[in-house]
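Presented sequentially are two complexes of chain A, the first with chain B as partner and the second with chain C.
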Partner chain A sequence: MKNIYLDHAATTSVKPEVLETMLPYFTEKYGNASSIYSLGRENKKAIDDAREKVAKALNAQPKEIFFTSGGTEADNWALEGIAFANQTKGKHIITTNIEHHAILHTCKFLEKQGFEVTYVPVDNKGIVHVEDIEKAIRPDTILISIMFANNEIGTIQPIKEIGVLAKEKGIYFHTDAVQAIGNIPIDVKDMNIDMLSLSGHKFYGPKGVGVLYIRDGVRISPMLHGGAQERGKRASTENVAGIVGLGKAIELATENIEEYNTKLMKIRDRAIRKILEKIPYSRLNGEEKNRLPGNVNISFEFIEGESILLMLDMKGICASSGSACTSGSLDPSHVLLAIGLPHEIAHGSLRLTFGEENTDSDLDYLLETLPPIIEKLRAMSPLYDTFIKNGRI
Partner chain B sequence: MDHFMNPRNVGEIPDADGIGQVGNPVCGDIMKMYLKIKDNVITDVKFKTFGCGAAVATSSMATELIMGKTLEEALEISNKTVAEALNGLPPIKMHCSNLAEQAIKAAIDDYKKKNESSK
Partner chain C sequence: MITRKKMNPQNNSKKVLIAMSGGVDSSVSAALLKEQGYEVIGATMQIWQTEGMEERDNGCCSLTAVNDARRVANKLDIPYYVLNFKDIFKEKVIDYFVREYTAGRTPNPCIICNKEVKFEALLDKAISMGLDYIATGHYAQVEFRDGRYLLKKSFSKTKDQTYALYNLTQKQLSQTLFPVGEYNKDKVREIAEKYELGVASKPDSQEICFVEDNDYGKFIAEHIDSDILPGNFVDTKGNILGEHKGIYYYTVGQRKGLGIASNKPLYVVDVDIEKNEVMLGDDEETFGNTLIARELNWISIEKLENEMKVFAKIRYGAKEAPATIKPLADGRVEVIFDTPQRAITSGQSVVFYDDEYVIGGGIIE
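And then the complex of A and B:
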């Protein structure tokens, strides 16, 4: 059976050349990077090389790169670290209502600790307006955290403009760039970014390793307490293989970014055009052009997302949805609700995220497979029934 | 899984004796059940479902379980019976099987009300 992977925003496979750089660190190069003998020192060097590669990809300095266990840890650290280190200055944080749960749930935690959080709403395309952020700023605001690009609907935020505003107001600015790295060129200096989170497995690197970029001079508490690793800010024996793999992966991802983007955008735009053309009562979520190059998110009225995913899976297609059942709760995606979709339409959404190995013929297969699935589910939907008979639900 | 991919008894009965609809689109599950009843026995049953895979499978299984049963027997079918017939459902999906039980009850109630008013 076919196996077509259209869920690159969830994770990606490790590139063979990335894996190759990692393998020696599981066996012969097993030394602890803090050890004094050469088996350790060489690993310290390998970590520093990876740090340089990450710094180069972001236009940062190597000493501003801190390795973590992934994007979630980087997000938790940025928020909690700034909150705890700067609470004498203020206890107010600004974010949006479409952030990843790694941000939103950390904000909820901080609210319990006595911090206040403003969740600035986005417009119906999923874009946050700089004026709205400016209005939310208070004298006690210590941090603005806005995601670079949304994981569900792919919309790209005006990060540079927000960076200018934060700098002007003297407020720290963090961006969760987990989905953006390898898809959008990022320059932390030019964009006035003080902190940035990223995760290795979203750009053909390994899972279990990420980065928090912290601009030199930012006042932040350590994430993990213990040894002197990561300049005393993030203790724990380094995941050398993971760090080396992330370094290689980010180097490859940023070096081919334009070519990669052009290819993905071509597939994406054709996917959007054809799906909307072939399937009635469907709509695109997010902006048409200002979105991640591989992201398609479409709602199909009258049906439920998980059923679509299960049927696509039977045909060998891996995709994702904003449906309640996939997330383990009964609520549909907070992002789709935030852009104003009614509950029943938010339930019927499909996210396709294209990547490196996808071809035009993968898309052809999807375009053959998807319409009959939607038709079959609509045929058994009482909502569609009512709509056809009464012209409304 | 088979009951999801090839659900039995999907559709509607135009001259149904009892129709029950439960759930709402906000939670992402709606189940509509149509019953044909003769001499207190369910002679035909069809359903339509808007919902996740488990909702479709439980609807399908529930229609198989009540076909040919008396109304009393049908009312005894619980969400557990349906889930067991499907060889178990994950805990998060148990609410989907509640829907099947409620849809049967609603359809039988509807039938009883119609019958009383026609007497």
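And then the complex of A and C:
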């Protein structure tokens, strides 16, 4: 059976040239980067090289790059680290209502610790307005955390404008750029970003490694206590192979960004056009153009995304939905609800995220496979039945 | 008679969705179906979620259950999905449970879950996905004879779960498989060990899956708007015996946890919603001779036309008792027991048997 992977926002495969750079660090170059002998030193150097690559990709300084275990840890660190180190200044944080759970659940945790969080809503296209953020600012606001691009609907936020605002008001600005890296060119200086989270496996690097960029001078408490690794801010023996892989992957991703984007946008736009054309009662979620180059998120009325996913899986197509139950959450996507979708339509959404290895023929196969699935599910749907009979639900 | 089992080459093209709870019975069911040549897809219905309840591991809906089921599916190399049934479960089971309880009845949520969720919504979903059957780990058997699908007690009489399945329609029975129905529990555990499913020693689940610590009173209190008010315990003549902590904490036949001192054992005989009273009596006073059943479903017969001698079971753990069932004009059924039965409870189900076969059943008024 075919196996077509259309879920690159979930994770990506490690590129062969990335894997190749990693392999020696599992075997012959197994030293601990903190050791003084050459086996250790070459590890230290490998980590520093990777750090430079990440810094270069973001237009940061190497000393501003801190390796973590992934995007979630970076997000947790940014929020908790700023909150705990700056609470004498204030206990108010601003974010949006479409952030990843790594941000939202950390905010919930901080609320229990006595911090206050304002969740600025987005518009029905999934974009946050700078004026709304400005309105939420209080004298005790210590941090603004806004995601660069949304993982579900792919919408890209006005990060540069928010950066200007935050700088002007003297408030720290963090962005969760996990979905953006490799898709959008990022310059932390130009965009006035104080902190930025990223994750290796979203741009053809390994899982289990991420980065928090922390601008020099930002007051933040350490993430892990222990040894002197990562300038004493994030103790723990370094995941050298992972760090090396992330370094290589970000280098490749930044080099090829334009070519990659052009290819994905072409597939994306055709996918959106064709699906909306072939399948009635379907709608695109999120701003049409101002979205990640590989992201398609469409709702199909009268049916559940879960059933669509299962049937696509049986046809060898890997996709995702706004109501992915495997994550342990049974509620419809908070992102789709935030852009104003009713509960039942939010349940009927499908996310396709294209990537490197996808071809036009993959899309052709999807366009052949999806419409009959939707039709079949609607034929069984009592909601659709009522709609056809009465012209409304 | 048709039986569907044992390496039937016809099974090869048939697809089954097995509802997996992570427990031994449904895990072994999945293994048996695979052995019998079906194309098997595992699924767990996620139906209930409250904060702080995630770590419970004895219900059929906890995260641990999902992890166990997924591990078993991986072991058997079958696809596995977690399906979201939260909304329908809330609407059909939880709300019903609360509504019945607050009306002074004692519902059996497993029966309603089987009727409205497992063998209705889940079955529909499986069929809409192009599958042929659903299977569950219930101890029961299905037979096709003389144009009807029959629900038969499991091979192991002590494990039999047909009581909770009496609502199945002919169509549902035709699309349902109960793979462990023909085995006893020891054999099932043995099969689990053979396949190294890692669930062989898991205890059977006992409680209602969504009620924490089996504390119904607390659950109801959390799910209704009004306060639960204390009231009086009274005897069968209306004399006040003491104060109860709220009627939802009591059910007919209950003896434990009454907190009333008496020289003889006292039982709950009746619960009066209007007066907010709980009536207590001695053992004898909990016995009754007759009942009326509503919302009947018939399995071995099309409908009840005439009086019939049956064996009737009035709750999950009760023994079947000889009785006569009579159709009433409005579609309900009167059940007259040969000898008085203890604690006939409104809201529970009564199921009628002819030897090993379920004739039908309904809800006690």
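Criterion: the second predicted complex is superposed on the first by the 390 of 393 C-alpha atoms of A that agree within 3 Å, B and C clash if a C-alpha of one lies under 4 Å from a C-alpha of the other, contacts with A are read in each partner's own complex, and residues count from 1 in each chain.
The working rule: contacts are C-beta pairs under 8 Å (C-beta built on N, C-alpha and C of every residue); 3 or more make two chains touch, one makes a residue touch a chain.
Everything numeric here is computed off the predicted structure, so don't read it as measured data.
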{"item": "Fit-or-clash call for chain B and chain C when the two complexes are aligned on chain A", "value": "clash"}
{"item": "Touching partner for A:L310 - first (chain B), second (chain C), both, neither", "value": "both"}
{"item": "Contacts of A:M380 with chain B and chain C, given as first, second, both or neither", "value": "both"}
{"item": "Contacts of A:K53 with chain B and chain C, given as first, second, both or neither", "value": "neither"}
{"item": "Touched partner set for A:H201, first chain B, second chain C, both or neither", "value": "neither"}
{"item": "Touching partner for A:K263 - first (chain B), second (chain C), both, neither", "value": "neither"}
{"item": "Which superposed partner A:K248 touches (first chain B, second chain C, both, neither)", "value": "neither"}
{"item": "Chain C versus chain B, contacts on chain A by residue", "value": "B"}
{"item": "Partner chain(s) touched by A:F302 [first = chain B, second = chain C, both, neither]", "value": "first"}
{"item": "From 37-45, 73-81 or 235-243, the chain C stretch with C-alpha clashes against chain B", "value": "37-45"}
{"item": "Overlap of chain C and chain B interfaces on chain A (superposed complexes)", "value": "304, 306-307, 310-311, 314, 323, 325, 328, 330, 347, 379-380"}
{"item": "Contact footprint of chain C on chain A as seen in their complex", "value": "304, 306-307, 310-311, 313-314, 323, 325-326, 328-331, 347, 376-377, 379-380"}
{"item": "Residues of chain A that touch chain B when the two form their complex", "value": "302-304, 306-307, 310-311, 314, 323-325, 328, 330, 332, 343-344, 347, 379-385, 393"}
{"item": "Interfacial residue positions of chain B with respect to chain A in the complex", "value": "4-5, 7, 10-12, 21, 25-32, 47-56, 92-93, 95"}
{"item": "Touching residues (chain side chain C, partner chain A) in the complex", "value": "46, 49, 54, 63, 66, 79, 81-84, 86, 124-125, 127-130"}
